[in-house]
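First comes the structure, then the notes that go with it.
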Amino acid sequence: MDSVKIGLGNTTLLKIGIVGATAYTSLELIKILLRHPKVKITYLGVRKTDNPKISDIFPALKHILDLPCTTIDQKDIPTTIDLAFITLPPTVSMQYVPLFTKNGIKVIDFSADYRFRDKSLYEKWYKAQHTDNNGIETAVYGLPELFRNEIKKTALVGNPGCYTTATILALAPLLAKGLIYPEDIIVDAKSGVSGRGREPKEDTHYCECNENIEAYSVGGHRHSPEIEHILSIKTHQKVSIQFVPHLIPMNRGILCTIYAKPKNAVAGGALSLRNEEIFELYKEAYSKEPFIRLKEGQEVPRTKDVAYTNFCDISVKATENRIVILSAIDNLIKGASGQAVQNMNVMCGFDEKMGLL
Amino acid sequence: MDSVKIGLGNTTLLKIGIVGATAYTSLELIKILLRHPKVKITYLGVRKTDNPKISDIFPALKHILDLPCTTIDQKDIPTTIDLAFITLPPTVSMQYVPLFTKNGIKVIDFSADYRFRDKSLYEKWYKAQHTDNNGIETAVYGLPELFRNEIKKTALVGNPGCYTTATILALAPLLAKGLIYPEDIIVDAKSGVSGRGREPKEDTHYCECNENIEAYSVGGHRHSPEIEHILSIKTHQKVSIQFVPHLIPMNRGILCTIYAKPKNAVAGGALSLRNEEIFELYKEAYSKEPFIRLKEGQEVPRTKDVAYTNFCDISVKATENRIVILSAIDNLIKGASGQAVQNMNVMCGFDEKMGLL
Amino acid sequence: MDSVKIGLGNTTLLKIGIVGATAYTSLELIKILLRHPKVKITYLGVRKTDNPKISDIFPALKHILDLPCTTIDQKDIPTTIDLAFITLPPTVSMQYVPLFTKNGIKVIDFSADYRFRDKSLYEKWYKAQHTDNNGIETAVYGLPELFRNEIKKTALVGNPGCYTTATILALAPLLAKGLIYPEDIIVDAKSGVSGRGREPKEDTHYCECNENIEAYSVGGHRHSPEIEHILSIKTHQKVSIQFVPHLIPMNRGILCTIYAKPKNAVAGGALSLRNEEIFELYKEAYSKEPFIRLKEGQEVPRTKDVAYTNFCDISVKATENRIVILSAIDNLIKGASGQAVQNMNVMCGFDEKMGLL
Amino acid sequence: MDSVKIGLGNTTLLKIGIVGATAYTSLELIKILLRHPKVKITYLGVRKTDNPKISDIFPALKHILDLPCTTIDQKDIPTTIDLAFITLPPTVSMQYVPLFTKNGIKVIDFSADYRFRDKSLYEKWYKAQHTDNNGIETAVYGLPELFRNEIKKTALVGNPGCYTTATILALAPLLAKGLIYPEDIIVDAKSGVSGRGREPKEDTHYCECNENIEAYSVGGHRHSPEIEHILSIKTHQKVSIQFVPHLIPMNRGILCTIYAKPKNAVAGGALSLRNEEIFELYKEAYSKEPFIRLKEGQEVPRTKDVAYTNFCDISVKATENRIVILSAIDNLIKGASGQAVQNMNVMCGFDEKMGLL
């Protein structure tokens, strides 16, 4: 691993642990951290019990990181690390997170367990009692573009999911200015298959996905409440979205096509909100953001352009009756591991782009 | 070719010509016709001038149909055929169609040239003067599920496009009953790459399409006016849709995700239209249709299930604020060549399913 | 199902059973049989116990074949069928096959259980005792191009696998004439993922297959002995091949690239066997075969051209040191279900192409 | 661009020019150079004349490198750069290379123009007169694993192609020790579509490539002479290979499956070369190489594991009659741009891994 710090004169590096190291997101996280000049990975916790090397789990890491993994154990938390990325499933994660935070270890959690400020909302959608009251109260939602100041001060971040990142970033500027009806928003989301996780199931079988597109969870995907919750808090109104996700035959990438209804269109007729004005609004909101790129003119976001990057590409266009916002991210990077590192950079006072360009 | 009529005791077969035989849709059309017990292909017209065999253009046809192609020529129309499928581009097609019809040859035209009853609408969107007044007045829109009786009597069919077929079939029952707002409909369409045609261009390059999804023609695709035109005529109201198409990394298939606003939902609150009632409505409309399959319960249309078939799979589901309709077709079959053969069957009094199962 | 026999005036149809109806090959088999004018499917046996309709297992069959499946049971074999296709795994199949044959039911078995004339060879590679001596002695290898006369007379066919079909057809003419060294043959085979079966496993996960190519079973794939066994029997010499299969990111199709060493090249120097002579040899062997297409000149076999067909496309070219033979088939059709129907046609005296064009 | 040098305290950076900046390889080259701590890109030459920004050509580079491109002109070579990567086509490249070298600018050329020491061999295969005698005499073949010492001292590198890199690295150890017959080597190569270049052509159309595999240039690919030339020079014997490339439906990656005949197998019978000995041989040759990874036991190279990296993964296995060597690289990285940067690192005295991990 040290090989990647070539010529950097490593002084003190932040010691990183990854808990739940076998997910697709973990592989991406490791690759990013290996390029990051201020950190080193010192602990890899897995739920397997045979102590494999991480490079046995991910052959792509051979000769890059051959670190052995440790079986995770609530009674034996690694205390020498400075920061832990927890990539365990929802409801499992909350059993581990407090064990780290009480030892003074910063935590960035990938599950939904620390994304809700309203415990009952979490419990309704994840059908489980939340056992870490203190955590849920102190956790900050890890979307730096919206909550940067809070992230700077916290020791516990709930890292957003991929659909939510793409949707919230696309909608926040219009909602914040009160220019669209908050209860009349349609989000048609398209995701590559890595978003479905690494476990082999019928719906991730190559021959079922390839040459196919289908919707799933029509009318009941559990990312909707997270999106509504965060947008409502941030823009001070009750936001309600119609969210339909689709599975696309590609490994990675998310595209959200969002249809919002402009408020003044009702009175003023078609296109009373001019494209130039809307574009200015987004520029104002995002022009200083290192990882948001606005597409101008006829350009549209393409998952290809954001693949393997932490960028979120956004376009916005008023049509006769609707404002159509498109946003594209790499679900494993800006939708998971890249964003987690961005959060780490903010929490630790590093340059926010470090390791991510 | 005759080999495929095994054991059928061919008596008189309908003589078929295909004009514009090099498109992807033409290959599919040929395959279907070769399986059809009542027809034989006797003429293949192409715009190339070197008289290739059709099996040189499509190696998949070797040993199946090795018929030589003829260079198409307005001065030398084949007069011995009974029915012509015209697969020429819009604005070119109308130069040929009247030459066939005036010779008593039935025509099924694949371009947009005979899909509009309103000439000015065609001319606005296709930016060309329509030169066949008589044709536009007598042509019937070739969607048997909606215009079967008219198709039975006509000699000229304007065969619908792929997006329009999937969208119109999905929306017609709700619009016909006046249950949704006709001006507040969102159609998020996803298409495989064969929908972009066979010409090599940057946006059909494998490396640009693969591992990518992107929207195109946001706010201005010319299939919208066709959809609006036909649905308005058929359901006697001004229908207006927001249509955004997307390119998906797969060869064939279209999925439309459609968001409609129920009329009584405003007064009666959420979900005042019950899922059972809506499903009954669709069953009533389509249960006798040989090529429409309604998905029940948790099932959703998948492009995989309709690939290489003439089926349109449809699901419909009321959510809190919207009715979500999903429809899937094979863009080359029900969205083009299969539908054309279905139209031929209706026009010629054959069993409607002939050659298509 | 009867819908597909439109206009055929069905008299007596052969009653077909499929035992093991949930495999990918079974879906293809059903589709072909539904188009076949002389048969009807009357029994579908599965190892599941909840008696699903076949269209619940394969939604693509909705409205086409909604027949309920029966749980297969050695004590309750369907005796009213005329012919059974057995698509059970090797070593399971032989437990069922004799129960059918002793009831006078013709059997076409998809497993390896009836492909070897040498029982000990089977037992060595499949690591199991063969329990049906009578079956192994009377079974015929179901490659009509090589064993048509035997197939005509048998009641039990061992249907070849996909790799073996593509390889044997490619090599037989050269070996039969003694023009290549039988022990110096290299077969580099490439297969789509459906060849790996329908069970979700890590190596069939979309994200593992997509954007990847890898070899497997290097130096020990159990299709090698089958290929060597059949070619040795048929061409009266000890044939030995070096076989390496690869997994390709596509649903269906097999391409074999075969490198053979011409015998006279050693003495006569490079290219002493002329391309024209070799091509003539293949033409002589295959020009009357309905499902073999020889590619001439610069043309090469493409899996795309044989997809969804029963064709085997073959090219042969002498280079400086080797003869390179390419052969392409659809692994689910000519490599499994299409070939099975071709065998049925031969066994039952139907036109060999029936249902297959 | 400077953003990527975060925290590095940039002192003097090597000034880099890329001549021919619109190829797929150029995009990858730019991405790698942006991560390299010792260089900066100061010149981008293109053959277009409208001076686009590089981020207009590659939207993925927006906000990362928005440098305008310059129209390349033999009369106006950029003289302030320190090193030029030339990514022009063969026969064009040699018109530019001497203009750079005579100005003291180091050159790494991506075309075939500087890969041959034997001018007549180049002229035979590229059907053009070579106009840069001096260049061809001083150029070094840019495969660091074989020519590191020469690369250290040269100012002009002929950067190898993708097929050649994968093949030469796989074969060199066995050939160097004289353990295989140098004239009896079969290389079955599989490449993703990006290897075919960025120009839209029929054979790079999505629908032609997807769900297809085919061989091309059977018996006459012009990478064979390059492979034979370099291996012959390096291992002091006449090497002759049978090379057949195939196009695979994936964006990037090459897998070579190589069949070599062990010399002592003839006398000693099967497997007289033990797997352990062969593996030791490769370990000896490559264990210190930063970008070669040997796969042990049942592991095989997968293009997935080397994608987006500069690694070449190799396995070697003796079977009954042959030694089967598998090698996988990313055709755009180790097969082009990564290798070019590795060469730059060697030429400039940087750590060889810099920018590449």
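Here are some notes:
By letter and in written order, the chains are A, B, C and D; residue numbering begins at 1 in each of them.
The rule is short, and it goes like this: contacts are C-beta pairs under 8 Å (C-beta built on N, C-alpha and C of every residue); 3 or more make two chains touch, one makes a residue touch a chain.
Keep in mind it's a predicted model, so treat the numbers as computed, not measured.
Counted by C-beta pairs in contact, the busier of B-D and A-D is A-D. In the CA-based superposition of subunit A onto subunit B, the rotation angle is 180 degrees, rounded to steps of 5. Interface repeat of A-C: among B-D, A-B or C-D, the matching pair is B-D, sharing over half of the residue-numbered contact pairs.
Distance from the centre of subunit C peaks at A, each centre being the average of the chain's Cα atoms. With centres defined as mean CA coordinates, subunit B is found 40 Å away from subunit A. For the pair subunit A and subunit D, the distance between mean C-alpha positions equals 36 Å.
Between the CA-based centres of subunit B and subunit D the separation comes to 47 Å, rounded to the whole angstrom. Among the residues of subunit C, those touching two or more other chains are numbered 208, 210-211, 249-251, 302, 304, 307. If you check the complex, the residues on subunit C that touch subunit A are 24, 193-194, 198, 200-202, 204-211, 249-251. Those residues of subunit B that touch subunit C in the shared complex are 3-4, 6-8, 34-35, 37-38, 59-60, 62-64, 211, 290, 293, 295, 299, 302, 304-309, 311, 313, 351, 353-354, 357.
By the touch criterion stated above, subunit D contacts subunit C in their complex at residues 183-184, 186, 188, 190, 192, 208, 210-216, 218-219, 240, 242, 244, 246, 248-253, 255, 257, 259, 300-304, 307, 315, 317-322, 324, 326, 328.
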